[in-house]
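One structure coming up, written as structure tokens, with questions to follow.
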Amino acid sequence: MSWIIAIALVFALAVGCFFLLVGSFSLLKLSDFFKRLHGPTKASTLGVGCVLIASVGYHAFAGTDPQPRELLITAFLFITAPISAHLMAKAALSLHMAEQPPMPGAGSTPGTDGDDHDQEQPST
Amino acid sequence: MNPTRTPWRKRWLPSPPLSVTVFCFWLLMNDAVTVGHALMALVLALAIPPFAARLDREFARIGRLGGVPRMAGVLALDIVRSNIVVALQVLGPERNITPGFIWVPLDIANIHGIAALTSIITLTPGTVSSSLSADRRHLLVHVLNLKDPDEVIRQIKARYEAPLMEIFP
Amino acid sequence: MLLLLLALPFLMALALTTMRGASDRALAWVAALAPLVGLGLLAWLTPAVLDGQVPSLRLPWLPEIGLFLHLRLDGLAWMFAGLVLGIGALVVMYARYYLSAEDCAPRFFACLLLFMGSMLGVVLAGNLLLLVVSWELTSISSFLLIGYWTHRQDARQGAQLALAITGAGGLALLGGVLLIGRVVGSYDLDVVLASGDAIRASGHYPAILMLVLAGIFTKSAQFPFHFWLPQAMAAPTPVSAYLHSATMVKCGVFLLARLHPALAGTELFFDVVTTIGAITLLVGAWYAIFQHDLKGLLAYSTISHLGLITLLFGLSTPMAVVAGLFHIINHATFKASLFMAAGIIDHECGTRDMRQLGNLRRFLPWTSALAIVASLAMAGIPLLNGFLSKEMFFAEALQIEAHDGMQWFVGITAVLAGVLGVAYSLRFVHDTFFGKGPRNLPTMPHEPPVWMRIPVAVLVALCLGVGMLPALTVQTALRAAAEGTLGPAAPTFDLAVWHGINQPLLMSIGGMLGGFVLYFGLRRLLDLHAIVRHSLARSVFGWNMQALSTLADRFTDTIANGSLQRSLLWLVLAAIAAGAAPFLSGNHAPLAWHAPQPMPLLGWLCWLILIACTAFTIRLYRQRLLALVVLGGAGLMMSLAFVFLSAPDLALTQLLVEMVSLALLLLGLHYLPPRSPPERTPRRRLRDIAVASAAGLGIGLLAYAVMTRGAPDPAGAEMLARSLPEAYGRNVVNVILVDFRGFDTFGEITVFAIAALIVHALLRRTRLLPERVMPGPPVQLPVPADLAQLMFPLTLTVSVFLFLRGHNAPGGGFIAGLVLAVPLLIQYVIQGAASVESRFGFDYVRCIGVGLVVAAIGGIAPLVFGLPFLTSGHAEPWLPLVGELPLASAMVFDTGVYLVVFGGAMLILSMLGTIKPSRTRSSRMGVLQPGTRSTRTGELR
Amino acid sequence: MEFALASAIGLLTAAGVYLLLRARSFDLILGLTLLSYATNLLIFTSGGLTPGKPPVLRDDVPTTLAHYTDPLPQALVLTAIVIAFAMTAVSIVIAMRSRADNGSDHVDGDAGEQAFRRDEQRRHDDARARETRGGGE
Amino acid sequence: MTPLELVGWAVIAAMHVVGVAMLLALVRLLRGPSLPDRILALDTLFVSAIAQLVLFGMHLGTAVYFEAALVIAMLGFVGTVVLSKFVLRRDIVE
Amino acid sequence: MDHLPLLPILIPLLAAAAMLFVEHGRLGMLPQRVIAWTSLAAVLAVSLLLLRNADQGDISVYLLGDWPARLGIVLVVDRLSALMVLLGQLLAIACLLHACGGRDRRATHFHAFFQFQLMGLNGAFLTGDLFNLFVFFEVLLIASYGLLLSGGGGARMRAGLHYVAFNIGASTLFLLALGLLYGLLGTLNMAEMAARVAEVPASDLALVEAAAGMLLVVFCAKAALLPMYLWLPQTYTLAPAAVAALFAIMTKVGLYAVLRVGTLSFGLAGPLAGFAWPALQVLGAVTLVLAALGVLSAQRLRLLAAYLVLGSAATLFVAFSLATPGTIAAGLYYLVHSTLAGAALFLLADLVRQRGRGGAGKDMATPRMGRMRSLLFLLVAVSLAGLPPLSGFIGKLLLLDAVPAGSIGWVWGCVLGSSFLMLVGVARTGVHVFWGSDSEPAHAQDEVDALNAAPAAANLTAPPLESAAVLLLVCYGIAMALAAAPVLAFTRATADQLLAPAEYVRQIDAALPARRAP
């Protein structure tokens, strides 16, 4: 394994860790659920992605696993992360944790799917 | 399922892209690419999609796939770039952040397209898609740092929705 | 022959139960067949017995412990058998007319014959255990007979009382007999009788004696157990005539006679038996005077006479024993006839209350005459049989060799007994047949059918015969009985009516006069009719039983109060005790503690997360949803721990199970209250915390100690070594699951399948009421649905991958099955159950069935090759293009696992997901209005 | 390392037992889940702790306990996990049915629920009595 | 120091960083305050766990943990989905 | 290769799986019943063969997966196993007979659960591996949950929750003990365990004993010994009759395990020899007394039966923990008797209850209670209370006879005393149920009227299948009393075999795989 590759791997790891940390940190630091939602759902996803790339490289060059199988993990992650985020956001909205703007063109009551009941005075 | 006679291709190979995905998936998962694995992958590629396609509720069409690589490139770039921006925002003082919701009007009607757009919006830092209106004409997006709503909408429509409409007409 | 004698009543009883709808006459004849044929058999054997032979029969029943079906007919047995059969025949005849049309005659006769058979068993038994068996049978059958009129409360109570007392006595007797067996080494009667000295010499003698006597006294209604007998008078009169005069109560004294050579002859025996007998004699006689019920009077007099017999056996001199035997016969005859007479009176007058009776000789001349004669015999008037045995008693009472106190006591008792006996006999005769006419009778009495009187007449004739011509009638029999009882020690004697004027005669006369004086004196002084007596002993017994059953109720209620927490608490405490006992008992060397391995920082980090999640689960447990979320963190850490500690399979399984469990719990939570109510009893909480801490600490310490040790040469090591060469698998865990210990997996999937079936059975066609519902129609989630749909084929691929690779890499049937099930679960969640199930027509129940069958086939296949179940085969056929294709037969088994797990998991989830809300109780359903929910818990604020 | 595992097992057990002794069916099931975690960990660790040596055989590594961890406890835990899962499924369904049929999620049904209510009431009354007494003074 | 060793050190360092990230998520999981916050924290824990697993695999130089990581990535969001759905509708399968 | 030991497990499993396919056929219950009876008949035949083989003194070892004993799982058939398996089938016949009277129609998956239950029971009796024992315990327990709860509701659901929760708790403890034992001894094979126990260093003995003690606690919990019997009365009272009857053998599984593990795994001579017997003696005696008090206080027939079963289990604890050949032999005899008689009482209670109004719970018999049923009750009750001449008496007699001289006092006191209390209790309840009580004459009159008015005359005659089931069980009891000598000879031989585990161990060691070289 050459130094260049090694340094590339370390860089990937560093970036990955950085984003993971940022994701978790923002989860802790920010004050509102919807703000927090941003950090983990993608900073972490990107972080894991970087770590996975590092892993692919590492295994490929260390000869323990020639196939870039970790890409599959990334693929799954990129599919599932939006699902989770979407659902969590919907859940939070259903608890009225944020004020959402009225939907343009659809009158004063925004008819979101599922939450088509009245939510004029959301709390908190 | 469908009482009308479906052409054999529809029945046995409902979704070629899916079959290709499964094929690649299998080869990728196994230790090595051998003839045996390839055969197995072929079998699965033929067997699984008809089974999975039963779940397909809307049978949306897939259009030209030519735009996919460019789209992927733009996406990767955006993800990395905006991630850094968001990281800086997060690490900076919180009062600089002004979050807000916006309703993004949608032109795309293909459900796969909408799904892809939602995913992309969520994966691009700074925005999380939170809800889809019942008529699927509007997408509720939460923006971490909302300075100019119209700019955000414009960006989304230009950068993501337009190419997606090509892929999923 | 003896066997036939014994079996006949039982066979006839059986025959009677099958005779439905037969006429009373036929029933009676069938019933009478047993005693009559029995008497014939007995007669046939009589010469031999009188000759001194002992016909016997010995069949093994349970020879290991000395229980033989050993029947022997010696003189004593012969005499008693004659009594049982003879009086039995008369009673059957009598009963045929006594029973009314509403009574269930077959049942009556069957029980009667059952009793007769048991009684014969007692009498004929040549084995002490067999005797106990028959003894208890008499208790049971007497219970049935006493309680024959089941609609009467007094009958039910009397039967229970009799059963309780005689049953308890029987148990005591059993104990005594077993002790005898231990001392003697055999239960054979001959052996036991021969080893009287050994018994008396053994240290167990007092216990033996007390236990056996307890049996005897309860059965023979001796003081202080006498009170059951008057209670038992609720029985139909034939029963009383049979059981309570001639047989059942004689069981006890029979046994006293039977075991006389083995037990008697010590001071203890003498003192106890004599004293108890004397007390019973007096108490019974005294109470007899004050009874108003004819049968009650007879019952107490029976008690008194039994006391007399007991007293005689207690005296233990040979002649006293003979007198006892003689009195047994005499008492049986006159008392049976008296009971029958009382029955006739009852039958005719509709009452037995002496306060209503009187002057019956006008209406029932024949019956009156017979009854008067019999009661005179009871009083011991000369020329009747009672006189003879009583005189023998007096003679013996004067001759006993004991210290002075005892001598005086027995003497005075004898005189008093004579006095009292005459007094109650007079009461019986006078109040019933003489004096002023009957009062307030429901019917006018008249003579009964002649066949009802004949048994009485026969018995009375016997009384007369014996009383006048003892030497001719009874002497031989008595001699035989005495020889049977005492063996070589039997005295020679001659029975005669007239012995000249001697002390006993004077005592008799004195007794008679005293009796007259007493009775009429009492009549003058008191209004006998107004006296109401209660038996103290019965009350005490009643109180005891009451207390006992209250105690039982209270115990049972307090201990087993149906509280689950208590059960669990005890389980935990027992486990703690079992775990702690070896360390506290000090029997073992102190435990050596070993140092742990070092732990990396990262490990502590995981540890911290696990601990924190667990602790918060406890803290938040009342907010159930929050507890579940936090528990999810603990579950994740568990699987990470498995990963770090080299168990990838476990980590996978744990994760998957975790997810499915979470879904299950949430599905369940929909139908359960969202939070636990607070428990504010601090004491209880403290107790629970203490128990939980003790359990946790204990398990923690044990786990630590075990972890730092490690077993020498564990079985797993060999599995590791043999996995690849012999089972052709690299993933040893999977090899263990499908090969080494495939049978465990077999059981495990069975459990899983059953669990799914239970869920199916419990929720099918069930409507449950959700705790709270959200308003509005089901939510549509098009975007997640679309994405999940994209994932589905990919997860399918992964599932196949995990399944096929399981033998060599982490994976396998179970994991693959869940990996298949979980995406489907997501579809259920996102799209709704109806939508998914309309697309996949799975019959999960059949899927489970197929899986089980496939797994079984995978296991059975090797049987064809003569190899055991679940033996794995392995082949690597070479295929063109592909090369060598590794095939293991375990794969088939694993396929079964795969199918069962998939089917089971999906069955559970789909059943839980498709519960329909209850229609009937919808009013209780709470609707969660938007805006009323707390963001902290998602519940109502 | 053993200490950490042992303490985790201990805490899980204690938590499980504590929840087991609560009177509500859901808490009970939660407790059983925790207890099954503890059990699984304990069985798993009974083979000794060997980090980083999964029992998936590699070529040219001798198949001894020095190079791989003991696989048997893992197999046992797998079985135990599955069985515990099956039991959880059954018990949750029974809890649901019991709640629906008996009108209470108290494990002892209505009787238990009433006893619970009585206790609550008594405590409530006591507290009030104490308050008024305190107020009176 | 060889390149491999360098990467090895980096992997170990990364594992610790990820550990810290998990710890942060844990704090949010335990503190809440809102229910979605906890769900989000749990989700984050799962995502970090994937990274941790992959890093551990690199650390040991084995691909044995790939399956576990794959399964978490593929199905780890199930918990999030069902919990969110519960919050949303209380009935997770409608 | 002789596959006989496998069949009692495999046949019910296949039958149960087959049930899942025929459940919704057009033929209704018929196919299920045919399968159930075929399976039962086959297993009965197999178990008779097993008994015959075992009675020759052979211990047959079946190596599953063709692995030597310590690697794989072994099935072992010795006298005790064969006896228990046969007992299970004999009981199952009666229960199935009873269930075919209609219960199986009302409960979903009844036949499948039933077969699974048999599989679990047979597996538990046959296996020679401790962990496998756990697995089969779970199989039989979960099948019993199914039998108990399927088609029920209300109070039964609550009792079911108790039963399930308690048993899961106990199973957890089982696993804990197993984990500790494997960690200390390195094996799961019961026979090998004995050898390993002997090799444990003295400083670790306390640990082994703690683990072994916890294991015994589990078994005692399943067999309902003193502090842990509280779940039993309620559960058994609320279970459907056929199921409660089958449960009569469930407590015996715990006893079997105590006996097996106590004699085989912890050894008779090793450092752990008989370490728990004294405690078990005391607890058994106290349980016996409490059970007798329970009998005395039981107002309902089923509760009575439950306490009688409890009492029999306690008696057995006393018998087994005295651990002499005589007491164990007597105990085994008594075990067979009490299982069958207890089951008979449960079935009978159901018969009586069916007569009552609507079967809603009161087992008040009508004044016209059939003679047949009273007679059967009499026989069963007499037998259970330990009165002659049926098997119950002989069992108790054997036990009393075999008690070693040193323990005579308390054992006899407890056994005879409890017999007395049971006698009184049984008589009281029997009188109350069968002879009616005139405290409610109006009620009785109502009942008569109702019966007269009701066109369903069928209510008056006993349902034939159910009665036949009880009759069958009673016949077992009578046969056991008559053939006491051969049965005792067998149990005596069983006890001897149990107390000489060396032969068992030798057979297991000698059993070599057919194909694999050692």
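First chain written, first letter: the chains are A, B, C, D, E and F, and each begins at residue 1.
Quick note on the criterion: a contact is a pair of C-beta atoms (placed from the backbone, for glycine too) under 8 Å apart; a residue touches a chain by one contact, two chains touch by 3 or more.
If you're wondering where the values come from, they're calculated on a predicted model, not measured in any experiment.
Q: Which contact partners do subunit D and subunit E have in common?
A: The shared contacts of subunit D and subunit E, listed by label, come to C.
Q: Where are there more C-beta contacts: C-D or A-C?
A: Looking at contacts between chains, C-D has the larger number.
Q: Report the chain ID whose CA centroid sits closest to the centroid of the full protein CA set.
A: F
Q: Taking mean CA positions as centres, which chain lies farthest from subunit E?
A: Measuring from the centre of subunit E, the most distant chain centre belongs to C.
Q: Suppose chain centres are the mean of their C-alpha atoms. Which chain sits farthest from subunit A?
A: C
Q: Report the inter-centroid distance (CA atoms only) between subunit A and subunit B in whole Å.
A: The computed centroid separation for subunit A versus subunit B comes out at 15 Å.
Q: Calculate how many whole Å lie between the centre of subunit B and the centre of subunit F, each centre taken as the average of the chain's C-alpha atoms.
A: Here the centre of subunit F sits 61 Å away from the centre of subunit B.
Q: Provide the C-alpha centroid distance between subunit B and subunit C, rounded to the nearest whole angstrom.
A: Centre-to-centre distance between subunit B and subunit C: 74 Å.
Q: Mark out which residues of subunit F touch at least two other chains, giving numbers and ranges.
A: Touching at least two other chains: 131, 135, 138, 142, 145, 149, 161-162, 165, 169, 176, 179-180, 182-183, 188.
Q: Could you say which residues in subunit D touch two or more other chains, in rising order?
A: Residues 20, 25, 28, 38, 42, 44-48, 52, 54, 56, 72-73, 76, 79, 83, 86-87, 90, 94-95, 97, 107-108 of subunit D each touch two or more of the other chains.
Q: Could you say which residues in subunit B touch two or more other chains, in rising order?
A: Residue numbers touching two or more other chains: 25, 29-30, 118-119, 129, 132, 134.
Q: Each pair of chains that touch: what are they?
A: Chain-chain contacts present: A-B, A-C, A-E, B-C, C-D, C-E, C-F, D-E, D-F.
Q: Can you check the complex and tell me which residues of subunit E touch subunit D?
A: 59-60, 62, 64
Q: Applying the document's contact rule, which stretches of subunit C touch subunit F when the two form their complex?
A: The contact residues of subunit C facing subunit F are 17, 60-65, 67, 104, 107, 129, 132-134, 136-137, 139-140, 143-144, 147, 150-153, 156, 159-160, 163-164, 167-168, 170-172, 174-175, 178, 181-182, 545, 548-549, 551-553, 555-557, 559-564, 566-568, 570-575, 578-583, 587-592, 699, 702-703, 705-707, 709-716, 718-719, 722, 726, 739-744, 747-748, 750-751, 754-755, 757-758, 760-762, 764, 845-846, 848-849, 852-853, 856, 859-860, 862-863, 866-872.
Q: How about subunit A: which of its residues touch subunit E in the complex?
A: 1-3, 5-7, 9-10, 13-14, 16-17, 20-21, 23-25, 27-28, 33, 36-37, 40-41, 44-45, 47-48, 51-52, 54-55, 58-59, 62, 64-65, 69-70, 72-74, 76-77, 80-81, 83-84, 87-88, 90-92, 94-95, 97, 114
Q: Which residues, counting only subunit C, touch subunit E once they are in their complex?
A: Counting only subunit C, the residues touching subunit E are 601-602, 605-606, 608-609, 612-613, 616, 625-626, 628-630, 632-633, 636, 639-640, 643-644, 648, 651-652, 655-656, 658-659, 662-663, 666-667, 669-670, 770-774, 778-779, 784, 791, 794-795, 798, 802, 809-811, 815, 819, 822-823, 825-826, 828-830, 832-833, 909, 912-914, 928, 935-938.
Q: Enumerate the contact residues on subunit E facing subunit A in the complex.
A: Residue positions touching the partner: 2-4, 6-7, 10-11, 13-14, 17-18, 20-22, 24-25, 27-28, 34-37, 39-41, 43-44, 47-48, 50-51, 54-55, 57-58, 61-63, 66, 69-70, 73-74, 76-77, 80-81, 83-85, 87-89.
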